[in-house]
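Have a look at this one.
Chain nomenclature is as follows: A, B, C, D and E, assigned in order of appearance, with residue numbering initiated at 1 for each chain independently.
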Amino acid sequence: MNELMIMLFAPLIAGFIAWALDIRGIREIVGVIGAAVPLGILVKYYPTITSKGTEGIVQTINVGGFHLVFQLNTLTWYFAVIASLVGVAMAFGMASTSKNSYEWLFALMSYTGVLGVFLSGDFVGFFLFWEIMTFASFMMVLRRNKHESLKYFVLSIIGAYAMLIAIGLLYAKTGTLDFNTIRQALYMDAMIGSISRGEMALIFGLFVTAFGVKAGAVPLHVWAPGAYSEVDQSYTTFFSGALSKAGAYGFLLLYILMGVKLVSALGVWHNHMLFAYIIAWIGAITVVVAGFLAVLQEDIRKLFAYSSVSQVGYILLGLGVGTPLGIIGALFHVLSHAVFKGLFWLVVAALILRTGKTKFEDFGGLAEKMPVTFSMALIAVLSLAGIPPMAGFASKWLLYEAAINAHMPLVAGAIFLGSGLAFAYVVRFLYAVWFGQRPSDLEDVKEAPLPILIGMAVLAIPNIVFGIAPGLVTKYLNGLFSEPVVTGDYFKLVTTNGTYNALLVTILLVFGLAVAGIVFIYGAKTRKVPVTDTYQSGNPVTEDYNLSMRRHFYRPLAEALEFWLRYSWDRFYERLAGLAEDFADTLREGIYNGNVQSYAWYLAIILLILALWGVL
Amino acid sequence: MGGDFISYELKEFKLFEPLFRWARKKSIWLVAFCTGCGGIEMPPLVTARYDIERFGMMPNPAPRMADLFLITGYVTPKTLKRIIITYELMPDPKYILAHGSCPINGGVYWDSYNVVKQLDKYIPIDVAIAGCMPRPEAVMDGIREIMRKIENGEADGWRRYRENYEWYRKNQDELFGEGWRERDAKRWLAWL
Amino acid sequence: MAVTDNEVKNKVESTQKAPQDTQNAKPELPNTKEGRLVKELLEKAPYAEGSVRREKRIEFRVPAERIHEFLEIASEKFEMLMQISVVDWLKEGEFELVYQLWSVSESVHAFVKTRISRENAKMPTVMDIWPVAETYEREAHEFFGIIFEGNPRLGPFILEPREYEKHPLRKDFNTLSYVKTIYGEDFDRYDESKTNYVI
Amino acid sequence: MFEWKLALEAIGMVIYATFMGFIFMGIERKAMARIQRRVGPPIYQPIIDTLKLLGKKESVSHGFIYDFGPVFALGASIAALLFIPLANFQLFSSNADLIVVAYLLEVPMLGIMLGAMSSGNPYSAVGVQRGLLTMVAMQLPYGLALIAIAQYWGTFKLNSIVALQQLHGWSITVPALLLAFIVFDIVFQAMLGLEPFDIITAPAEISMGPMVEYGGKHAALLFTQHAVQLFAETAFFAVLFLGGASNLLELLIKQIAVLFIAIFIASIYPRFTIDQAAKFFWKWPTILGIIAVILAGW
Amino acid sequence: MSLEVPRELREEARKHDMYLTPIAKDTYELFFGPQHMATENFSIILKMDGNRVEKAIVNPGFLHRGFEKLAEQRPYFTNIALLLRICVPESDVPENIYSMAVDEIVGWEVPERAIWIRTVVLEMARVSSWMFWIMGFGNEIGLYTAGQWAAAYRERLMRLFEELTGGRVYHIYTVPGGVRRDIPGDKWLRQLRDTVEYIKSKLKDFDEILFDNYITFERTEGVGVMDKRFALKHAVTGPNLRAVGVPYDVRKDDPYYLYPELDFEVPVLKEGDSLARVLVRRYELEQDLYILEQLLDMGPPSGPYMVQDPKLKNLPRFKVPAGDAYAHVESTKGDFGAYVVSDGSHKPYRVHVRGPSQSHGVTVLEELLKGARLADVPVILKTLDNCPPDIDR
């Protein structure tokens, strides 16, 4: 076994050990070590990757006649390192929140699955690990909620079949499953044109379905809110932070493997590659729809679940823009989304651990009780809302530049709307959970335990570091392309017609804060007053009254959107499922009516048909 | 309120105090609270004919930003509770301008069972204007008086309130009964 | 301009006395709109006494125990309950309740008067007939201490609990002595020697 | 290495912008008063108000975030200001572009909202709700107007936009950008918090909303922030649509012109409710904005 | 924060037979007023769900001075100086109803000149009150300009009042038996005509910025809808009743003073929402200006301005025969009535005032606020034209 294999299977093995031992204390240590091994190895490979460039390291193993190819190049290293970063944070989080070894096993199994998906160099490994990942995450959901897990299962199966058929088609056309070979074959085919336009569109559609399910793109997102909220929240860190990125990676794979062929087959529309344009619009719609839904949620987990869907929409949007700048923006957003959303989920995990509540109406005034968690939440909020200088802003800025440069104004408009929505829902989270009046049953809440705080710190630091020095990421990502797309130094991003100097923004912000701080310090000393001593139109109040708007915070928005909210994808699917069930029922009742005579007739008819067809 | 309020140390501005005094005089914000019938003369005061915004005065709905509390007319105990609460919300330095005869000695309501006769016992008044109801000119005269007092540092009702807080508190409690804030607040719990 | 044409005509009718109706038990009712209204109501409620005061003012006297019944009948003609006035007749030891009704269709004002004992004064509520009575009854309860059975919101309404206990509009509530105990002795216009003061 | 000239310019510009921002606030009040047939306060009144608020001897706090909110808001406003090319002072505008400035101009809102939320007052909460929904509502037309600008001039750099306008004429002379200008002007009312979009403070409904708990030095900071923000936003407007300026006087004239449009609209329209505002923003301004970006793309 | 209602409160509530529900966590309480721009010393406790009102409880009584008690302790003529404080924005209305009721008990024929003056004063009060209402409504919906203009125009009427009566707000002018003093002269009449003309010419300004404004329609249409049955059962009067389609106006239905001789319309709208209430008021303002013009055309009749009665020599001891009377006039807020009972002494035995807000300011307001948005609360308050002193007295 070599290092790549160690890296790949370390989490899985650690998971098995943790599961088998099932001793409190040891299983946590084993799990954290298992999660940290891949990160360590990946960091060790960093110099090799940067020097070797896109070629990377390729390793092959033989499993039952199949050659599984694993490659570690600029792109896969990037994805893998994000996954392992989130994985480490998850492991720390689970050390605090997880109560049994079952979760350790499947969480670490899905970790391996995700790494495998990113590192696979052919479709056999890709599909295999894809299914490991799906299975493990499904098992995680199943433990908490059967209904949601079923939803996730059905959609995943649809995705998996779509992918299997698409791979089959590709294999039929090209005769190979290796990524490099497929890529060359399709590249050649773009000139020859032996694969017809229809077939290509079919393959594209199937892949979009498969990856769209995993990424949670509208209208295939319906599993995400339920599944994200119905697992251990520390695991959701990984689920939303890394697992959904597999979908994004899949979309990127489409570009790499069949981009040229797709362009030649599907053509261009108003100077946009049609297939990319479709992805961009899927992304844009996901951003807006999921954003609106996130704003209107009343459950802390549902809010972030929809928010995750919305943020993955940004990634698809960036990929859909199709220019190198767009892809860099999307990849940057993969990183920043992983770190800020992972952080959010850890915060949520800590909150649920300490309070046992999930509805906004049960929270309030926790900032004083959990100050460290609160400051972590604040970092995540600033990053998600896209406040410069945070990682979330740098990636969003790249996406704006890309969309507008690529002349996709309406798509860029969706980013604007989406970021406004993001602003709205994170502030709602801040208000309902951390500020306002504290319910009396939260009086004895304690600060989150140390492991989960370490996990938060692991994710919070990149938020700030990559925010102030976004050049670290873009410089690395430039390596994907033949010539640098985003120039500038570590702190300054320069595109063809825009600039963003994160360090300067930081310095000026600090300067502004200093000026404001001087004025503040000169003023009178402050006296702290309780919430009952505030403006209540002059009326005396006591803590018996509820003074915080906890439920229906954004009810006016719901009223303004009344017309649109009548339609729901979730209900649509449920109705569809209901219809299918009814249809099957009628079929069953009509055909399997228990009458032996009619069964004989069926047999006769079938035989007749077969005879006519010429089989018999 | 209470001990915390009295023991709290006020900031003394050494260097810029004259500047701040001038600013306090030139920018007096009113609490938007019409406690009595004199409230009807507030709109003329802020509109075209009298326009006190010339002197930098304007009504402000938030008591935290306000400087001047205009007691516009008679005060019933029920209103006085709200006046006290609002007054205590205002940051120091703050001033009270009593408007009309009623806050001084009850005015026409001298024998009414529901009008406070001597407001000065419950909150400190800086300037009182006589008349029922005082014409806007009289109010403006009162305002000029309070401006003069502010500039000279004589408008020290807020300081008196702080120093004699026990006394004021005692009078208030005598009128309303001990623990009136809680009692009053809890009244609505049963209905909601 | 969406103003509909004003259909309200000046409904002043002459108040000339009609020839006396011999069949009627109350022969003094004039044959005007007001007289007819009184007659109509008295036919339905023979326990009441009715009279016409002047143009657009009629008056009924109803025993207290049948007031609800009477008002229910009256509410067909009189759509609005304008006020419930209470007069405290201390010497008689009675409260007089005056239900002021107004008929929009007939433009007539009716006083429906009833008397109840001051001690343990109780009345049935008329909230079910006119919901607005809730406010009037709360007020009458507050100032006079009359209990309207069936009104759920009786309690301190305008007054504070302390004054509410005293029911200040009763004639036996002495304002001046109350003022002295509550607000202190030091108000300047009261002279002990003047028993019957004039301002 | 350290550029003294630039640093001095920046400090000078912050002082100038604060002062002029206060004067703009004074102009706003004075002009409103004149429309209402009053004399109105002296034009420097907001400076006195701020001084007075700063001179309060006592201030009230609800915790660290409550203090941090206004400080953060003012800091972000100052940062945003320094990235806008103001007449012949380029300041740091070569280091950030349209999108960054547009974002930085929204950051102060977060600061105000943070502070307001932490006070726990229900009126503040309603104000926060309204503020954020206004922002969500105006974001789409606002974004479209900015996109139209960037599309048409083909650059995000504010100084390049100014230079291009001085070469080819002001933005508003271009039909597509004229539409964008109209959209931006509607959004501008909401950015300045003026009628018909002064939903956030709405004195008669929620008693100043987020500001209701602020007093003393906190309010002074917010006033200063408002002044800087007013200056920065009007300058941003002038830079984007009115061709920037070659000297501060020209810029000032353009800023005041922009301000007067806002004042006139504000004084003749009542206030929307928040859901009506959202519906309004997503109807006409968005349609106009879409037309503008499509025209600008051609 | 406890979820349960405290035990002692529960007991007390049971004593008063109140409805009891525990405070819910998902709704919150908003104390609306008295220290608030939209309410004039009047308080509503709102139970809110998001931005919608779930339940509203009106808490009046901040302005209670016990007028009815005080009036029993003062002689008949002194009471004028007291009772007019019941309705601050149009203080002539309480003066007039009280005087009318006393006139009726005594049986005085008020001189024609006094009747003319009283009619003019009432109409002037109505116009000035409309101006005040425009100001209030404009401020509530955020149109300060209209309010400022209206308040400025009201000042013209205030100046005329000052010249006629000597007081700006409280006139103490209409007394039982006539008015306190005569018209200052023809110049005053000319000034009044000019003012009426002036305000009339300014109506179109208000139409342009307030009554015909798209946003005003948006804000008021379909807000706080009453139906006819509801309004009658709740004894809603005045413009609010006319906005649901009932053409009830005291000036037409129970005419007093010169109104039978005047030609005017009663504007009626059927919708019953806030917009209808706003527009009815706007048409009434026009009608009132028209009435004032007619009155000025008519000119003051000659004669005394006060009844000639020897009993009036000793005013403080002036005794009124035993009896009772109910008098009401149409104020801008609705049907304002007074019930005066005399036991034959020199002080009234009982004065009971019916403020129009008593009916539409408590139960009606509570009903209309249910389900309203927070932003609608001031609009409903102001379109109902709630006047707190009416309720408190």
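Keep in mind that, in the parts below, contacts are C-beta pairs under 8 Å (C-beta built on N, C-alpha and C of every residue); 3 or more make two chains touch, one makes a residue touch a chain.
What you see is a predicted model, and the numbers here were worked out from it, not measured in a lab.
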Steps in the shortest chain-to-chain touch route ending at chain B and beginning at chain A: 1
Any chain that touches chain C and chain A: B, E
Partner chains shared by chain B and chain C (touch criterion as defined above): E
Chain whose averaged C-alpha position falls nearest the assembly-wide average: D
Chain whose mean Cα position lies farthest from chain C: A
Pair of chains ranked first by number of touching C-beta pairs: A-D
Where chain A and chain E are represented by their mean Cα positions, the distance between them in whole Å: 63
Intercentroid distance (Cα basis), chain E paired with chain C, Å: 21
Inter-centroid spacing, chain E versus chain B (mean Cα positions, whole Å): 28
Cα-centroid distance, chain C relative to chain D, in whole angstrom: 60
Of all residues in chain E, the ones touching two or more other chains: 6, 18-19, 23, 28-29, 34-37, 45, 48, 51, 61, 64, 66, 69-70, 73, 148-149, 152, 373
Junction residues of chain C, two or more chains touched: 159-160, 168, 173, 175
Residue list for chain D, restricted to those that touch at least two other chains: 36-38, 54, 56-60, 122-123, 125-126, 129, 203-204, 207, 212-213, 216, 273-276
Chains touching one another, given as label pairs in label order: A-B, A-D, A-E, B-C, B-D, B-E, C-E, D-E
Contacting residues of chain E [partner chain C, same complex]: 16-19, 60-61, 64, 66, 68-70, 72-75, 78, 232-235, 237, 246-249, 252-255, 260, 265-270, 279, 283, 316, 324, 326, 328, 335, 337, 339, 341, 349-350, 352, 354, 358-359, 362-364, 391-392
Chain E to chain D touching residues, read off their complex: 28-30, 36-38, 48, 51, 138-145, 148-149, 152, 209-210, 213, 215-216, 218-219, 373-378
Touching residues on chain B, where the partner in the complex is chain D: 8, 10-13, 16, 19-24, 26-27, 29, 32, 47-48, 51, 53-56, 58, 60-65, 67, 90-93
Footprint of chain E on chain C - complex, ascending: 1-8, 10-12, 56-57, 79-83, 85-88, 98, 100, 102, 104, 107, 109, 111, 130-132, 134-136, 139, 143, 152-155, 157-160, 168-169, 171, 173, 175, 198-199
In the complex with chain B, residue positions of chain E that touch it: 5-6, 9-10, 12-13, 18-21, 23, 29, 34-37, 40-41, 45, 47, 55, 57, 59, 61-66, 69-70, 73, 81-82, 85, 88-89, 132, 135, 147-149, 151-152, 154-155, 158, 168-170, 389
